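What follows is chain A paired twice: with chain B in the first complex and chain C in the second.
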Partner chain A sequence: MTFHRPTFRHPELPPNDAGYHRQDYEGGISTLCAGCGHDSICNAIIQACFELALPPHRIVKMSGIGCSSKSPAYFLGRSHGFNTVHGRMPSVATGANMANRDLVYLGVSGDGDTASIGMGQFMHAVRRNLDMLYIVMNNGCYGLTKGQYSATADKGSKGKKGRINELESIDLCELAIQLGAGFVARSFSGDKQQLVPLIKAGLMHKGLSFIDVISPCVTFNNNPGSTKSYHWVREHSEATNTFDLVPFQQTITTEYDGDTVQDVALHDDTVIHLHKHHDAPDITDRRQAIDNLEDHKAQDVILTGVLYINPNSADTHELLHTCERPLNSLTEDDLCPGGPALEAINAAHR
Partner chain B sequence: MKQLESINDFVVRFATINGSGSASANTLFAKAVFRMGVPVSPKNIFPSNIQGLPTWYEVRVNERGHVGRRGDVDLVVAINGQTLRQDYDSLVSGGYFVYDSSRTLPEDFRRDDVTVIGIPMTTMCNEAFDNPKMRPLLKNIIYVGALTALLDMEPEVLIESLRKQFRKNPALAEPNIRALELGYAYARDHHAGACKLAVRRSDRVGDAIIMDGNSAAALGAVYAGATVVGWYPITPSTSIIESFGRYAGQFRTEEGAGRIKAAIVQAEDELAAIGIVIGASWNGARAFTATSGPGISLMAEFLGLAYFAEIPVVLIDIQRVGPSTGMPTRTQQSDLLACAYASHGDTCHPLLFPCNPRECFEMTADAFDLAERLQTPVIVMSDLDLGMNDHYGPPLAWDPQRRYDRGKVLNAAQLDALTAKWGRYRDTDGDGICYRTYPGTHPDKGVYFTRGTSRDEYSAYTEDSAAYVRNLKRLQLKWETAKGLLPQARIKLTKPEARLGVVFYGTTAFAAYEAIELLGDRGIAVNSMRIRAFPFQPEVIDFIRAHEVVFVIEQNRDGQMRTLLINEGNLPPDHLVPIACYDGQPVASRLLLRTLEGALAERGILPTNTPGQGGTP
Partner chain C sequence: MKPTDIEDPEYFHKVIDCQFACPAHTPVPEYIRLISEKRYTDAYMVNWVANVFPGVLGRVCDRPCEPACRRGRVEKEPVAICRLKRLCADNRDFGLVARFPVVPSEKNGKRIALIGAGPASLTVARDLMPLGYTIDLYDEQAKGGGFMRSQLPSFRLPEPVLATEVNYILDMGVQTHFNRRIESMKALLAEGHNAVFIGTGAPRGRDLSDLPGRKEANQWIHIGIDWLAGVIFGHVSSIGKRVLVIGGGNTAMDCCRTARRLGGTSVRVMVRGPRAKMKAAPWEIEDAIGEDIPIVDNHVPLEFVVEHGRLVGMRFAKVGVGSETGGEEPVFFPCDEVLLAVGQLNAFPWIEPDAGIRFDRQGLPELDPRTLQSSLPQVFFGGDAAFGPRNIITAVAHGHQAAISIDLFCRGLSPLDRPAPQVNLAGQKMGVHDWLYHNQVTATERQAMPVRTKTKTLKDRLLEVELGFDQQVGQTESLRCLNCDVQTVFRADLCIECDACVDVCPESCINFVDNGTEEELRARLRAPAENLAQSLYLAGLTPSGKIMVKDENVCLHCSLCAERCPTSAWDMQKFLYLSAQAGQL
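Let's look at the complex of A and B:
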């Protein structure tokens, strides 16, 4: 690489509550195409982790293969990361999480990585309600292999090569809601104001948080006729709600005129204050959440924001009844039954 | 007619229907032989089915301690009408045919070289017991009782076994004991002296145990401190995970809330199963999975990632026959090549070859140390015969002083003490193995980004050719290091100057040792080598070079171990003669002896017209 990011930052930029500066959450220089939506998402991740004051070394980055899966190199340079194989990030994240339940797990994947080759792993990680934030950078195409349609490309959408996609698209958010994810949201890489608090809420939620971020591919899928272009998404999206995330140590209240407020408390007393129209569906109701998505889709509208929350879902460790200490911290004394026990086993086999 | 006569040396076969509850009755018999101090080897020959198809349970009784399959049947207990004819016809001349005489035998059962012994089991059972649900199970106990009398065994041993078995439910012990006594009394009163095979109390068992290899492997994982398991059900490996779960419940439950010090995750497929293992090992837990051939194929991509990213993996392969419907309940050693070089792009993996439950225990435990020391996948190559059948062998042993070798892992203090720049893939010790860190160890040191091969010594992204070549060469050096850490082959020199060598591994060992002994009885000296690990140490190659002809006996068609030896040892193919036993049954010593004799005759080492039978006369 022939260029470097300047390390200079304004000396008066304040650190967060944990004493880290925003710079401590940055990563390497992106090698994605100029204007790629993924870069905006990386920035939103950096901002969200900074604002939550998470110690960077306590975060684990996981990804599969593809443009999106390359991106963990571009944020959280002080966190361990694992670029796994195509479509298999969820299983590696499952193992990592089983080994140490005390770290924060952030998985980044793409629409090819998740909705095609990794569909099985995605769905089963959701079913296990693995405690992680799973972000899909969704551009409706395979960027790294030059623009083939992916399974999230909308029926009727047209890519750069001009061919119409004739296949039904897969709505990952609907699937995630159906399969038991506790936090499901959709956003747009061009809407940082919405995306940062969503990522923060997803990181705070215990259990599987899923965020589908529509992230236009400027090189292969940003043309007129594409339903994953910046222009189309801006014209056709509608936020279901806005919200403030109130971490448990703080109290923040924001008032929006003419809205009602719905509070959803997460496991550690972090509260999500939702601002929404009084006739909007209840986002803690699974059926209403799915209906809401389908109703908007029927009108050619992409619904964004928090789509569904179940604050009380049990994560994998709770389901498996594993001990509270991280399994990777246990030693011989905790784990090995010892010689006399083996003698008893031998005796039982005579 | 000359009846077979033998004390403590014969083969009994139970021909039953699967799902009829005969397994526990058959085990009762085998265990009783063992408890009378006589080495015994039971083999369950069963279909891939839950209920209704023929199944056999073959018990070899052998005072000399030959516990491989012998082949041929001396006494059959024929309970299954579907296979009555087959079971009758398959008896050796002079053998004994025990059947349920509640129905008369078809008229065309007219062999004059077989002793027919009728026990009206169904009639007796229906007269003695009212509960229709219990009857089929008690009928099984009746034939065990009859056999106890026919073979002149000590009924108290079986009664004691039944008491032990139903310790928690004594009400069930009573009808079982009564059934046993009914069968015993009938055979004693009606067929006294009819059978000239007998089990006589002996002292040959010592401290041996009878255990299945999968339970032993599961215990090895428990003792080695495995905490994360990713798995997908597949015959014949499933019982490893089930055993691990049972032992974890027994030994790993915390007081109070009863939480478990292990996470056993049933995955959606084998790809995810090994992905879970890789994620957990990368994050510092000891993790393993168990599978069989089809699972190995699915895990191949991930094995390559673990090889290149240098992540420990313990994988236990319980080998079986074939893909798809295959023959999942039949045994083979046919995954060697698939495992040794699994994945794409210059990959190779250490393999361990256990031959008995003790080695299943030890090698599984060792696999964790090896995988972490070498930072690579290690595959334990068991098979269905070893994994699912009860095996007679030495007891499991654990050195109380043993500590886990977690390999080269830097903690926070060690990272602080470093004077040179740390690189995840920088070899500072010259053994090809680098230092790794677990996530979350240190606030600002030891962080790296894990990838396949597109990185340099510091784990920074690069597609530089020179960096790639340096990395591959270092991995080659690590492969050399592995040879010094793996278990040595067991070499037995019958006669140091012998021209013939025999090579085998895993469960082939029992029949092979017996065949070698029988050849020895006939004056043919054969040296042997039981391979216990891949990559091969220099001793392995030296053994082969030191003999004029080397037979490689293995349970696959294509001579996979032979191929590995030729390839890795740069050996002339003519030097190694393949002896293939791949019918899905455990290798039978009689058949093996005939095959070896044939091969020797072809080379002019043995006259061609020898009446080679071997085993018991």
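Let's look at the complex of A and C:
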């Protein structure tokens, strides 16, 4: 009756550039329902961190409460982690980021944790453009409490017991664009081909990267009539663009016929090459990005891919003019520079 | 690539690497599972049905199953399949004869002659006796067993173990004609048997008669298999102190280890080629080295050196890498006696050229490889007599096939219409996280075989070296089996493409991709799929038009794909494959 994952891995899988194997990024075995979209997202995170060759001990994973927020137990078992109180992940992540800006911050939250109890926290973390990747595993329902509609459930969507959701839904991507996030994307747990590069880009981007991942709840929200079921999302989604993430100006080889390419440079010379149709809206334009979302929504289509990028976004540390070094590395000498320094400050005010 | 036809019994059979590699197709995972449940007698019966001599083979089998074992690709070493077989033989309930098939008292009127009482003939007898045939078994030895009796040293195979399993068959009512050598095929054919099976082995040891000094030193040179038989039958009881064994096969290993027990203090094995290309099984080489026997490779024998009318040693040419003779000075090795184990030959001096049986240039009978039928329709061959020297388990496999052919032939049917294997595919799911088989993959390494100390065994050639696993070690070892017979069966129509199986698979075997050619598909799976001997399992299409591709190579059969599948598109089903035997349709 016990349940564990064998320790053997495919003997011919190569390590990444940093010498780590994919297994070094794995966590414990999932206790979510079989077929839960969250498991796919966890594996996309593992794959993205593996491909970026991030040292596992340089990553911090933060979460709140819910099915989504227990999932950090299932990936990055060798990284730092903090499972906060319900909806308070953004604040704790802010504190951690202030203390040590050198680490890579990955927040995992759900639609309840973000769009309901944690809405205030979420909005202000976005406003501050905190340097982190904020992933919402969005299944439109409260899976831990028998599947009631959450605030992101679409109006008109039908639940497992046949009741229609009458309330307006919150579009977290639109909110994030409005509130100043530097990188906003939407994806689907069943499409790792798109999701893995998105997570990689989000991790590379400086400032708040927000990815809303539609993640079907197989137990309570995968029925006909639900707009967050595997079937419905597959039938009704359309990608804004495909893209290559090119870390540190490496050359690209992929060619897409009939597409135009738009390059967006990130802070460390990493470039996102976007491939899109000639008439597609400019994703560095906030207004066009929101219009694009609304237009597709009106046609019952879920727009996925990179929705908005602000190439010039400034993160919290820049906005607050904090020092370059992580605050937790400052010594007493740095913090109390002594009498002459105080004299100099006082003199400046005279 | 076309979707895999899992209705074809050979597909899942091939996934069970050990069973597929076994010439007799013994259902290995099935009996290992029974051993893990300490059902030794049941495990013995599974073996007995398939390979007839579990106690013998559990000690001296060539183990083609072990190099094939999936565990060897996943971890370091394969499951100790052979030793587990011995465990079930050691611990069986000796009342199991009650489970043997009933031999009808009323015979069917057909008489079959079996020439040679080795494993092939005995298998034919075991398969045909329950069908009502009358069997005449001829052998020049005084007891049954063939080369299992005459050539396998007792420190590897104790005589009582062999005798018990041979008697299981003889006790079915076989009419034995021991101490009788068949001298004329034509005279035998005139006796009017409905069919004749020839399982006389490859009884002639190869000689080095062209080497200088061979004749002069004849007194101190012995043909390996004859010498081994001499030791076993008590004609030979000592050997000189310094012995050279020429040859790199299993007979050479048996010769050198036996020589150590008969007084050889400095025994060397001289091998023509490099060590890596020796024919002997790696474990037998290790056992020899463990008894202080150096293996001298890349030495080609040149000459027997005789001085003052006595053999004093041998000269060898040392062979360099890539050249036949290195051009160096010949090397001299002093010795008192020499054992030649340089191969075996078939010999049928008793089959007259005009008896109607055609032979090829190598002196082997012309046979249909499926039916083992010779050019004389009522004569069948098997074991080493059929295609030259192989091993016991191959002889058993031949015996089963020949029995099928003989039965069909005697019933007036074509031996080419082979009966199909008996197969069964049974779901293993019991409930959440609960399976009918032990699905947890243990990380335990291969268990070591306990042995008697060298000081004891080298003094007494009858003392068995290996002690066998005890029940606890055996259970630990049996749980290393990956249950490759519990198949992953996929139904694309139930799949909702949640990717749970892809994510959970520890070996990254499972892929959902667009179809392509096999070569191209293998190049774009999640993990390298470069082992072309292992199949790709294809099923499809899924609702979004993808195909499922699973590389069978390192699948652990851990059931996690089925465990994490919300719609039971994956299921674990136990595939039991039993090779056809005589009397089945």
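Brief remarks on what is shown
Methods note: the second predicted complex is superposed on the first by the 334 of 350 C-alpha atoms of A that agree within 3 Å, B and C clash if a C-alpha of one lies under 4 Å from a C-alpha of the other, contacts with A are read in each partner's own complex, and residues count from 1 in each chain.
Going forward, a residue touches a chain if its C-beta (ideal position, glycine included) is under 8 Å from a C-beta of that chain, and two chains touch if they have at least 3 such contacts.
These numbers were taken from a predicted model, which means no experiment stands behind them.
With chain A as the common reference for superposition, the partners chain B and chain C occupy compatible, non-clashing space.
By the document's definition of touching, of the two partners only chain B reaches A:N83; chain C does not. Among chain B and chain C, the chain that touches a larger number of residues in chain A is B. Touch criterion not met for A:A18: it reaches neither chain B nor chain C. In the superposed model, A:R9 makes contact with chain C only, not with chain B.
Contact with chain B, but none with chain C, is seen for A:T322 once the two complexes are overlaid on the shared chain. Of the two partner chains placed by the overlay, only chain C lies in contact with A:Y230; chain B stays clear of it.
Within the superposed three-chain model, A:C42 lies in touch with chain C and out of touch with chain B [touch as defined at top]. Of the two partner chains placed by superposition, A:A314 touches none, neither chain B nor chain C. Of the two partner chains, chain B is the only one touched by A:P55; chain C is not. After the chain A superposition, the centres of chain B and chain C are separated by 130° when viewed from the C-alpha centre of chain A, nearest 10.
By the touch criterion defined above, A:G338 lies against chain B but remains apart from chain C after alignment on the C-alpha atoms of chain A. The gap separating chain B from chain C in the superposed three-chain model is 19 Å, by closest C-alpha atoms. Overlaid on A, the two complexes show chain B and chain C touching no common residue of chain A.
Residues 34-35, 207-211, 219, 222-225, 227-228, 230, 247, 251-252, 254, 258-265, 267-269, 271-285, 287, 301-302, 305, 395-398, 400, 403-404, 437-444, 447-452, 461 of chain B touch chain A in their complex.
By the touch rule above, chain A contacts chain C in their complex via residues 1-13, 29-30, 33-37, 39-40, 42-43, 189-190, 192, 216, 218, 222, 230-231, 234. Per the touch definition, chain C reaches chain A in the complex via residues 73-75, 433-434, 440-441, 443, 496-500, 502-504, 506-509, 527-528, 530, 543-544, 554, 556, 558, 560, 563-567. Against chain B, the residues of chain A that register as touching in their complex are 28, 55-58, 60-62, 72-73, 77-85, 88, 90-100, 102-103, 120-121, 123-124, 128, 316-317, 320-324, 327-328, 330-332, 334-339, 341-342, 345-346, 349-350.
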